[in-house]
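Take a look at these structures.
Heads up, the next two complexes both have chain A, just with different partners, chain B and then chain C.
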Partner chain A sequence: MSGMNNIDHNTSSQSDIDEIESLFHISVQPAALEVPRSVPPARKPSSPPRIPVSAPLLPPSFVSSSNQAFSTPVQSGPTPSTGAGFGGGPQYNTLTEPVRETLKRDLLRVATNLKDVVLPNPYREDPGKALRDWDLWGPFFFIIFLALTLSYSATENKSKVFAVVFATLSAGAIVLTLNVQLLGGSIIFFQSLSVLGYCLFPLDVSALVCQVNNTKLFRSLVVLVALAWSSWAAYPFVSTAVPSSRKALAVYPVLLLYITVGFLVLAND
Partner chain B sequence: MAGAYASLASEATGTVPAAVESDHVPHFQDSNLQIFPPAYDTRENMTSLFRPPNDADETFSQPGHGGQGGQGIPGPNQAWQGYFNVLSYRPYFNVDTVDVTDRIKDSLKVDVGFVEKTSQNPDMYGPFWICSTLVFVTASLGNLAAYLSYKSKTTGGHWHYDINLMSSAALVFYGYVGLVPLALYFLLRYLGVTSGVFQLWCLYGYSLFVFIPASFLSVVPWEIVRWLVVGAASFMSAIFVGGNIRTQIRTANDRWLAIVIGTVATHLALGLVLKFYFFTYFQHDAL
Partner chain C sequence: MAEEQYAHPGVCLFTVLFKFSALGFYIMCSIFIESFVIQFVVTVFLIALDFWTVKNVSGRILVGLRWWNEVDEQGQSVWHFESLDQQTLETLNKKDAWLFWWTLYLTPVAWVALGIVALIKFNFDYLLVVGVAIILNAANIVGFTKCRKDAKKQIQQFATSTLTSRMGNTIQSAFMSSV
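And now, the complex of A and B:
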């Protein structure tokens, strides 16, 4: 018995790390059910070197109940972990998946969020449900795209145009969020940035369309439609966040920001 | 909120001193928001304010505070955190839509009792968004006016959208509303007059509102119209600011007239800058 204890002592730290690695194998490749229970101390890791994952990523119960966890196969599928991440969605153990999967998942999320924000949606009025799975990739792409388009089509000071548009949009989104919070509303900072960024999508489309045709009338019409669409998309989120006596105070700056950007799109030659 | 104005007005009239009295009327001091961050000073009035949780160590280490646990003066290691917390700025945005529109109307009516009305509740919403609107309006209308005057001439150079107008508009307006009241506040303190920096910011911010319609009217291509419009707006705005300052400091200091003239002059200078930079067009030569 003492021998067993000695062996347990010597192999405890190594076997913890190997347990964790084995759990990764199990969650990522559900077919591999065979799990080594005791490990020789001098074993080299068979997988390519990975970022060492510290124990707190998994719930401590996994580490503490070491042997029991192995007796039954761990359920396949995503292991809920306590890692920080985007709002709301399932937390995947995503370190070991191929990049293609990550990109696909992020793009899908951007598309879903875009659909939720920009198209008619029964949950628009409810800020709790409106954009549960918010992310910041979408807004980032839209802001960069708009700034690039406007900068590309400008005839002078291209880099300054890019800088001004980018600064206006990003600082504007932050200031708008702070505005709602200061007026007494309660919104999540990054969720609000996310919504305001997604609402830029119609203006992006209009900037692209304006490249095609250069007449002022056509541009004015396109920009007007895009403005109306953007404002319609952003309005419910902002107006439901503040007390009703201050609704106009919260909504007006949003309109101001989109009109500013719309004017920049319109006036670009 | 309208009721609060009525009570303030009656209170204010009662405090106008007789000529023999040498004490000035501390209108600026009425606001509870003088101390910043206000969360640490006026707990009783603002129950919805956030207070950062008090460290247990702090209450233990300072025996004087033991029983209070957070009331009274917080420890020195906590006061600076208020500056970084968005919620401690909330009292300065405690206005409803109807309040903001009332204040804007007062500025258009050139109401010299404006500071008295807003001394209890100066808001930063108005100044900030009026400045932002003004930046956008002058930059875009300046470009539009340049475009129209380029179009109206049969021969002409080349017109391009001047993005510099937007960044310089931001610099001019935010700089003016940010720095001039601050300088005035320090000047008044130097001269021994108590004043409130937030009330001054509120005053200057709302005084700029009249430039927004003036910018819209300055789009017409006739110089004389532009001069008239911008001149009228500058005068209205300058009298608004000067009148309010005069009301506040007339009894406080012998040099009040010089200060009032100084504020009026800087305001007129702003109007001039607006006219010359945004609404005067030089023909861009063909490139």
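And now, the complex of A and C:
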């Protein structure tokens, strides 16, 4: 798959990027220096069939130690691109493709994460692993969307509503993550932030649906359903992260946060 | 100064563009746009774009550094800081690198100043925006500074290993020749 991406040879930055990419994987020892196979002395805008960029792709599996300034190349041949999505990971060697392609990949990652977190999936093996490639774009959009929707439907104090919702959600997510960590949880800070953000999706939907109909009963029902969905989605992640004796301590604040947001949605008129 | 041109003018442009438009929009927005909500969303969006550009595009192309985070099989979070090897680092354009580092360090200073202004004016809503800006800029600074440190460490290691290997060779050849 990776070799096919090299379609755009017309940008002069392609050569630099290829060069840079191939050099990222040159090991430190002078004896083992591979001459980068695509060394252009001058920047040719249209280069002959380039050796596929696949070689410099960095599969996450062999970067074993952290804080290593170099990734030593283990394989010389083209390596499959398994690094589909990590928090801003190294797969952007295909920068020659316009931003469109990167955007597409990011959107795909958001969609995958959303699906993993929110949709019912009885065959999900271990919820702790599901959001391994966390990203914060999804939660960012959901928080902004929710704040925007609530602010839009507010009749007065629009900016205050927006600011309050945004601040509550972001501060709440951070505090809840800290809570899980302090309870001896084994979840990673950003992963947990990501989960909490993605679980806002049902509440987003409910806020949108509540725009349609303004009767109290309808809104209560919608918010209740959304709340149940959010909590159901968030529960496995949070509960598996902490030791079982502390499960309630971790889960309760999450439920509380979502109930608060639910009230914000409900009370908006 | 004809010989010192920017090697990647497009990338430099975008690096600077998003930063300045975020700052500029924040400062000027109240003149043009009434609604705080729109101001907030647009500014934060520009800040996020700037963060992404600097981290993924400018860092790699202008100064040959990159950093990211991974979650490995055991569920541990692993931070990676990488830099190009010494030779390529020297071939990178100095002007590009100068621009990159200066804008990287100066922007959060500007945001802190704006934050102080907002604090004095009691505009706590705007402090949210400034908070987001500072957090994202600080993340980039920490990430790239760590890359730089690792680059320097690599250079030192490389130098010592070359030195020791060369000394070893010299000693060996001295032995051989004497024997």
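As a working rule, the second predicted complex is superposed on the first by the 172 of 269 C-alpha atoms of A that agree within 3 Å, B and C clash if a C-alpha of one lies under 4 Å from a C-alpha of the other, contacts with A are read in each partner's own complex, and residues count from 1 in each chain.
Just so it is clear, a contact is a pair of C-beta atoms (placed from the backbone, for glycine too) under 8 Å apart; a residue touches a chain by one contact, two chains touch by 3 or more.
Bear in mind that the values here come from a model prediction, so they are computed numbers and not experimental data.
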When the two structures are overlaid on chain A, which partner does A:109 contact: first (chain B), second (chain C), both, or neither?
neither
With both complexes overlaid on chain A, does A:181 touch chain B (first), chain C (second), both or neither?
first
Under the stated touch criterion, which partner chain does A:156 make contact with: chain B (first), chain C (second), both, or neither?
first
Looking at A:132, would you say it contacts chain B, chain C, both, or neither? Reply first, second, both or neither.
second
Between chain B (first) and chain C (second), which does A:253 come into contact with in this model arrangement: first, second, both, or neither?
first
Look at the residues of chain A and decide whether chain B or chain C touches more of them.
C
Using the superposition on chain A described above, determine whether A:245 touches chain B (first), chain C (second), both, or neither.
first
Using the superposition on A, tell me which residues of chain A are in contact with chain B and, in the other complex, with chain C.
160
In the complex of these two chains, what residues of chain A are touching chain B?
154-157, 160-161, 164, 168, 178-179, 181-184, 245-249, 252-253, 256, 259-260, 263, 267-269
Would you tell me which residues of chain B are touching chain A in their complex?
86-87, 89-90, 92-98, 100, 125, 129, 132-133, 136, 140, 143-144, 147, 159-161, 163-164, 166-167
Chain A contacts chain C in the complex at 13, 16-17, 19-20, 23-24, 26, 28-30, 60, 63, 66-71, 86-90, 92, 95, 102, 128-129, 132-134, 140, 144, 147-148, 151, 158-160, 162-163, 166-167, 186-191
Can you check the complex and tell me which residues of chain C touch chain A?
7-8, 10-11, 35-37, 40-41, 44, 48, 52, 55-57, 60-61, 64, 66, 68-72, 75-85, 88, 124-125, 128, 146-147, 150-151, 153-154, 157-158, 161-162
